[in-house]
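Working notes, beginning with the structure itself.
Chain lettering (A, B, C and D) follows the sequence in which the chains are written, and residue indices restart at 1 in each chain.
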Amino acid sequence: MDKITIIYSEEPDLNKPILIEGLPGVGNVGKLAAEHLLDQLKAKKFAEIYSAHFPPQVMLDDDGIVKLVNNELYYSKADGKHPDLIIIVGDYQGLTPEGQYELSSSVLEIAKKFNVSLMFTLGGYGVGKMVESPRVLGAATSKELVEEMTAKGVVFSKGEPGSGIVGASGLLLGLGKIAGQNAVCLMGETSGYFVDPKGAEAVLRILASILNVEIDFSELESKAEQIDLITSKLKEIENPVEPKREDLGYIG
Amino acid sequence: MDKITIIYSEEPDLNKPILIEGLPGVGNVGKLAAEHLLDQLKAKKFAEIYSAHFPPQVMLDDDGIVKLVNNELYYSKADGKHPDLIIIVGDYQGLTPEGQYELSSSVLEIAKKFNVSLMFTLGGYGVGKMVESPRVLGAATSKELVEEMTAKGVVFSKGEPGSGIVGASGLLLGLGKIAGQNAVCLMGETSGYFVDPKGAEAVLRILASILNVEIDFSELESKAEQIDLITSKLKEIENPVEPKREDLGYIG
Amino acid sequence: MDKITIIYSEEPDLNKPILIEGLPGVGNVGKLAAEHLLDQLKAKKFAEIYSAHFPPQVMLDDDGIVKLVNNELYYSKADGKHPDLIIIVGDYQGLTPEGQYELSSSVLEIAKKFNVSLMFTLGGYGVGKMVESPRVLGAATSKELVEEMTAKGVVFSKGEPGSGIVGASGLLLGLGKIAGQNAVCLMGETSGYFVDPKGAEAVLRILASILNVEIDFSELESKAEQIDLITSKLKEIENPVEPKREDLGYIG
Amino acid sequence: MDKITIIYSEEPDLNKPILIEGLPGVGNVGKLAAEHLLDQLKAKKFAEIYSAHFPPQVMLDDDGIVKLVNNELYYSKADGKHPDLIIIVGDYQGLTPEGQYELSSSVLEIAKKFNVSLMFTLGGYGVGKMVESPRVLGAATSKELVEEMTAKGVVFSKGEPGSGIVGASGLLLGLGKIAGQNAVCLMGETSGYFVDPKGAEAVLRILASILNVEIDFSELESKAEQIDLITSKLKEIENPVEPKREDLGYIG
């Protein structure tokens, strides 16, 4: 078998779509944000990426039917307000550096095939402590995009994240820049210790405003409240030593 | 050398055979079940799979003759009751995720070559505690198969195994589903701490009933009694802290 | 994508250039020396090496623009005193042995393409204790080069480094010798515990004298003083057990 | 570059030579034995195997000249008593399972190219305790060879080594058997804790008698005495808990 197989169930006709990536990472911020977006848009699945760079594993649905771990591509047609969108979500990122490079290269080929005008990669920025009001930090492939995103409320902060961006969220920008593909990474601040719907909400609020999508955040907010409840209870029980900030990189 | 080499000593003429896989995994349940089945059927070896994805290791037989570690294919012709069967057993699964994908893809090619109508993958489902009467859980590539297997006593339990199925037993279904190959995974409950002939017996009893094969279970039962003896002695000596259930995934 | 991609922004016309490699390693001695050299020469970047053998990571500049991790090639034209020079610096070495081999082979192909007459690889030699006046040890692809370099003050000391030279600094010589490419490795003694500008200065002083380049060392000296300050303060605070010398190999 | 490169300095004309492999492994028994053999025979180097499966490392000779880590092939022409011989020694075995398979396949291709009649692989069998009079255990590709070797004093002991033979010494037999290449593995008993010239001597005594080579063992004996001296001194100082035998496999 090839290392990567893309299976299209449909080849949607899209007009200069914007591609959004939200794969597992720090606090699962990017994954939560992208999944909430595609739920809200009732986006339609049109392709699946299978790869020997993912774990050799199947997941089971409620009926006991297997699904090989994969990444999935959804689309949402323009509705007069927002443009055509492609959304990539998935169970895993590539397990090895080489796998990461090959998978991100595949996504870039898909972006080219559909004439993608701009990519957003979504992730978390682990800061090692609880965050009340998470900022959304940014990175981009060009100065013009940095300026445009700054105007939308994205924070470009010199030296943050200091260790750069690891994983698909970074690689799509790095490889994209070389290939001439415009791209922006949005990183929601997160402790990095929990799945973090609050960080996801922060990222998605900015993205929704950029894309001109209307989002009902009540579900994410309710998840965030549950996590807040758990963490405040944990705080009562134990007063743990706070991990050092420099131990936490960004993996997105 | 190629990463995978299949050497046929014979090319049996089989009529829509059913393929059964039993490779090492949790409690070696699948391997024990498949090996007992091929012993009982006096199945005949017809091919060997060698691979650079296995350890660089030879085993020795009682005479001191080496055998490179491999997977082996056996067949048993229909006897009026059971259909034509192919059974895959072996010393090892692939050492890396990529190796797992390539080896399972090879098995699917073999399945296609012999026009296999249905695959059964056998494994253990580690539950982290001693099991008196192991259930046989299932997973399948289609709803029809789930219904058919439920009627045969296989348990399809929502959320079990929660972490999906890792290894050849899962991958053959995951890749099989994509390739249009019908397949069922049968997982015998097992503590996961010991080689478990009791779990293997549970799996094989259901499989034998499905395949209409008559099996003498006395050997497996005697092995199970030996294991029971050892574990009850161990319990007397030490009263170990029971490992948490969520620590145990399924590797099949 | 290919495992290694070289992107030329310019194809400089060079006359039998000398190639200098300074990638991350023990004490970052080689990287510091090569970067200081290219700063002093105001060398011009002409090519970038990207590779799936590097981490899947982007770095951010002060504006928030991403840069995929890479190795970079600079050149400096002969100025009547020093010959044409190519300088290779970078963020990372290959992550795996295979990656190391493939990347060093790529550099040798570049050396061939530009008709490189001699290569210098720069690195640190970790000795496990603070070094007042670091020696510069050498290794080379031929006896003639050993003699030539000895005359320039490079120390060729039997049994040092005892474990050989690991990484690009060694591999370029090892592969170079096979390919008929003359090459010398210069290793500055360093404790191996800190980034070591003093070791870098020692290496660069000898290299500058060989290449007939004039270097202003004040910046490296100032960095060295800062490190000295930090280490002397650390000595006051704690009197650590000195690690054994044999624990430290050379990775260059 | 290719993963494996073989460079011939000479293509000796050999008549059905016997190939002997002695690479690093348990107690370095095989390496010591093969190196002593080629010293005694004044065998001549004719080829070098370089590979990205070895560490990215060079060794230095006494003059400071680099040598990329490799495996080396020597030959010794028949002298009326012993037949034509090829001897393989080296710094390292392949670092990964795949590397091991590819390197052993390369050696088998060399064996075929030179029409090798029989291969001997030399190794150590780690027993986890000091051994006064090491036995030489064997494994072979055929029953005829087992009988022949038993007659020469090689011990074929059911269940030893229980975990099979790992590494080149095993793989050359395993792959050789499939390729129709006769081969024998000779394993000298060794504690596994030290480089063991005594185990090497035991292996080489039997091999020399099989090949009809005259060997002066004084150098190996003197090395063995030195090791004995060191170990007896260590025994005096500390009385360590003896490691369990089952912890020690054979890697050869």
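Throughout what follows, a contact is a pair of C-beta atoms (placed from the backbone, for glycine too) under 8 Å apart; a residue touches a chain by one contact, two chains touch by 3 or more.
Values in this document were obtained by computation on a predicted structure and should not be read as measured data.
The chains touching chain A as well as chain C do not exist; no chain touches both. Taken over every residue number at the interface, the positions common to chain C and chain D amount to under half, indicating a different-residue contact. In this entry, chain B maps onto chain D through a rotation of 90 degrees when their C-alpha atoms are superposed, rounded to the nearest 5. Chain C and chain D have Cα centroids separated by 37 Å. Note on chain placement: the centre of chain A and the centre of chain D lie 53 Å apart, centres being C-alpha means. Annotation for chain A: no residues touch 2 or more other chains. Chains touching one another form the pairs A-B, A-C, B-D, C-D. Contact residues on chain D toward chain B in their complex (touch as defined above): 94, 97-98, 100-102, 104-105, 138-143, 146, 156-159, 161, 164-168, 170-171, 173-175, 177-178, 185.
The touching residues of chain B, counted against chain D in their complex, run 1, 3, 5, 7, 50, 52-60, 62-69, 95.
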